[in-house]
C-alpha cells in the first residue's frame, strides 16, 4: 500500500484515482475483532480464518476500523451516482469559488453502446459507423461550445463577468470535477460490491475496478469479501458455498474433506443445505 | 400542515416543493423530551418554554422525532449542493432508466449577477444591457441545442439509439431533475440554517425559503430555531441574548425584569456575560 | 396499522413495544420507486412485482421512504445491543434527570440456559433443579438489594442525597429503561434480519419478533424481505432461489413454468445458476 | 502525536484512553480545503488563517479528513452516554463471548456529590462524613457481591454454568468495559464540545479532557475550535468576537487595529455588531 501513496491510477480519458492516506490493514481488522470477542477469538487459529468468520457472520464493525482517503478526478455524472453512498467524507472542488478546467469525458468507441432492448437501465450493442461518428461529434462539439460560452460569460474583458456560481450551470454532465473521498473499509466494500458489479454503469465501474486493485494490496485477506462475487447479484452468498452447490448440482457427492471448507464453514453450510 | 399536503409551492422558473407526508408536530417534540427527562420536565410549565430550553441547551434528539417528506423539482446544480446534506433519504428520478424532460433553469434578469469582487463565492451587481442579454441568449441556446442533441442521440428512428445512461451526459447543469427527500426536523433545521442564510447561493435559498414557510405552519414553536438568526453567521447564538447585548452596547442598563427573558434564560445569560 | 397505534405489545416480563406514529406504507415504497425509475417501472404490472424487483436488486432507497416510531420498554443489557444500530433516532429516559422504577428482568425458567459448549456466544441446555433455583434467587435478590441501596443513597431524609447521575451506577443491567425509537423501513428490516435471527440473543429476539408482527400489518408486501429468510444466515439470498436450488439438489429438473418465478426472476436465476 | 501512540492516559480509577492510530493533521485540513476552494484559498496567506476561516464559516468537511482511533476503558454508564454520538465506529468488548474483569468505578471522595437543588441533572455540594462513608460502602459492597454472584453463576464447577450473555445482567453500571472508538475530527470536536463542557457529567468529562490534551498535540491549529469555548454554552460563538464584545461592554472603543482580528474577521464582526 505504501507504494500506492500519491500514485495516480488513470481511469477513463482524463480521470484518476490515487491514495492520499490510509489507516489500518488486515491486522487492524483482527485486532478490533479480538477486542470485541476477547477469549472468544482464541479458537480461531489465524488471521485469515478470523476474517473469513467475521465476513460469514456479517460482523461488519471490525472492518470499519480501517480507513482510506482517495483523490479522485471524475465526470460529474459519475460523481452524482457516487455521492449516493452517504457514509463517507467528501471535499469536492467548488465551481462556486473556482473555475473548472476544459476537460470532458468522451467515451471510447467500444463504450458507445445502444440502449438495451431488454433492460431499461442497461446498454446493448456497440454503435457502429455513421451513428457512432455522429454521436461522438455531438458530444465533442457540445462540450467545447459550452466551455467556450462558460469562459465568455465569466470573462471580465470589457464586461463585468457573470458570477462563477451561475456560469457553471452551462456545463454538461461529462465535465470533470475532482474530490477527496474518505471512507472506512466496510463502506468501501459496500461501494465496490455495487459499483464493480456487472450491472453498474461502465463509467463508475472503471473507478471501482481501479480501486479493487489498490485494495487488494492493502487488505489482501479482507478482499475476498469482494473477490467472492459469483456472477450475477447474489453478492453476499459466500463464494465457497456457491462453488460447492455447483459441484452438487453437477451430481458430485461432496464430503467435508473434499469441500475445501474449514470445519466451521462446513458446519454452517450443512445447517442450511443439508 | 394538512393544507400543505400535496400542494405545489412554485420555486424558480420551473421548480416546486410540496409536502408528501409528515410525522409529528410541536407536541411530538415535547412528548419525546418528557420521555427523556421524566419528572425533570415538570418544572417547565408549557410546551413553548420546554422547546426554548431544548434549543438553548442543544438537545437535538427530540427534534429528530418529527419527519417530513418533500417532493422537489430542482436544477441539477442545486441538487448537487443539496445532496451534501447526508442525513436524509432520497429517491431521485433516474436518467439511466428514463428520459429527462426539456426543462431548464434560466435566471430571471434580476438574478443575473456579476462575480463579487470581494468574495470568491459570491455575487456582485446585477448585469445590465448587452452583457445581460448575451448571457441569457447563451444559456437559452445552449440548453435547447444540448437537449435537441440529447433527443437526436436517443432516437431509434433509422438508428440504434444511444443508451440513456450515456446520452444524459450531454445535458447542462441547469436541467431540472426531481426527487423525494425525507428528513427529520433536526436535520431540516440544519439545512435551513445553512441554505436560508444570506450567504447561500440564491437558487438553493429560494427552496429553503419556501420550505421555511411550510415549516412555520408545521411546527410554529420549533421554528424560532431558525427565525432567531441574527444577520450574519452567528446562527446558533440565541436571538434574545443577541438583542440584549445590543441594548447593553447602546448604553442601556438592562435588568432581569426588562430583559424579556425567563428566569432560566437570564441565569444562563448572566453566567456568560455578567 | 391504525389498530396498532398506542397499543402496548407485552415483551418479556415487564417490557413492551408500541407504535407511536408512522409514515407511509407499501404504496409509499412503490410511489418512490416510480419517481426514481419513471417510465422504467411501467413494465412491472403491479406493486407486489415491483417490490420483489426492488428487493432482488438491492434498491434500498424506496424502503427508506417509510418511517415508524416505537415506544419501547426494555432491560438495559438489551438496550446496549439495540443502540448499536446507529441509523435511527432515540430519546431515552434519562437517569441523570429522573429516578428509575423498581423493575428488573428475571428470565422465565425455560430461558435460563447454560453456556453453549460449541458456541462462545450461545446458549446450551436449560438449567435444572437446584442450579436454576440458585441463579433465580441470586438475580432477584441482587436486583432488589441494589434498588434498595439506590433509593437509600438518593434519599434526602436526614441527609443530602446522592446525585441521581451517580446513584444510578449501582443498578444492574437487567433494570428496565425505556425510549422512543424512530427508524426508516430499510433500517428496520436490517435490524429485524439480525435480531429476529436464530443466532440473536433470546431477549432482543423477543422484541424483534413482536415488531415483525406489527410490520406484517403495516407493509405486508415489504415483509417478505424478512419472511424470506432461509434457516441459517444466508439472509440475503432470495427465498425462491433457495427453494429452487433445493429442488434441483433433490434431483428435480425444474423448468421456468414449474419454478414459481416471474420471467425476470427466472432470467436472473438462470444467469447465475445455469 | 507519534509520542501518544499506544501510550495509556489514565482516567478515573481504572480507566484509560490511548491512541491506536490516526490519519492526517493540520495540513490535511488545509489540503482538503484547498481542493475544495481551488484558487479561492490563495488569498488566505497561511494555514492558521485558513483554518480560522473554515471554522468561522462552518465549513466542516475539511475537518472530516482527519481520523483517529482510540482504545478506551470506561464504566458502562459512561459508555452509555458516549455511544449516543452515532457518527463513529465502535468495537466493544462483548460480554456475550467473554467474561468481564472484576473492575468497578468507585468515585473519589471529592466527586461524591449531592443532587443539585437548582438543576435536575446536576450535582450540588460534596457529601460529607457519615453519608459519604455510607455511600462508598454501598457502592463497593454491591459491586463486589454482584461480581461474586456473576462468577458463581458462570462457574462450571459441579454445575452447568449460566450462559455468559445472561450472567452479565447481574453486573451494575459502574463495571468497566472497553472499546475501540474511531471518529473523524469534525465529530470528535462535536463530542469534545459537549462532553468537555462544564455541564457534562464529571465522569465523561474526565475522558473528554484527557482527549483534549491529546488533540492539542495532534492538530494544534484545529484545536481552538474547542479552546475558544467561552464559559457557558455559547460554544459556537467565536472566542475573539466574544472577547471584543466584553471590551466594548466595559466601555472601550475598539478599532480594527486594536481588535486583534484579521481583516476578514473584523469585516464579519462589524457586519453583525456594527
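Should a chain be cited, it is by its letter among A, B, C and D, assigned in written order, with residues numbered from 1 in that chain.
The criterion applied here is as follows: contacts are C-beta pairs under 8 Å (C-beta built on N, C-alpha and C of every residue); 3 or more make two chains touch, one makes a residue touch a chain.
Small disclaimer: the values here were computed from a predicted structure and weren't measured.
Visitor: Determine, using the mean of C-alpha atoms as each chain's centre, which chain is farthest from subunit A.
Guide: That would be chain D.
Visitor: Between subunit C and subunit D, what is the separation of their C-alpha centroids in Å?
Guide: About 31 Å separates the centre of subunit C from that of subunit D.
Visitor: Distance-wise, how many Å sit between the C-alpha centres of subunit B and subunit C, to the nearest whole number?
Guide: 34
Visitor: List, in ascending order, every residue of subunit D touching at least 2 other chains.
Guide: Correct list: 37, 39-40, 90, 94, 97-98, 120-121.
Visitor: Make each chain a node and each touching pair an edge, then name the shape: line, ring, star, complete, other.
Guide: Chain contacts: complete, every pair touches.
Visitor: Would you mind writing out the residues of subunit D in touch with subunit A in their complex?
Guide: For subunit D paired with subunit A, touching residues are 21-24, 28, 32-33, 35-40, 61-62, 64-65, 67, 69, 71, 89-94, 97-99, 178-180, 182, 184.
Visitor: Touching residues of subunit D toward subunit C in the complex: what are they?
Guide: Residues 75-77, 80, 83-84, 86-87, 90, 94, 96-98, 105, 107, 111-116, 120-125, 127, 131, 134-135, 138-139, 142, 145-146, 149, 152-154, 156, 159-166, 168-174, 201.
Visitor: Could you pull out which subunit D residues touch subunit B in their complex?
Guide: Contacts found on subunit D: 37, 39-40, 43, 56-58, 120-121, 194, 199, 230-234, 236-237, 241, 245-246, 248-249, 268, 271-273.
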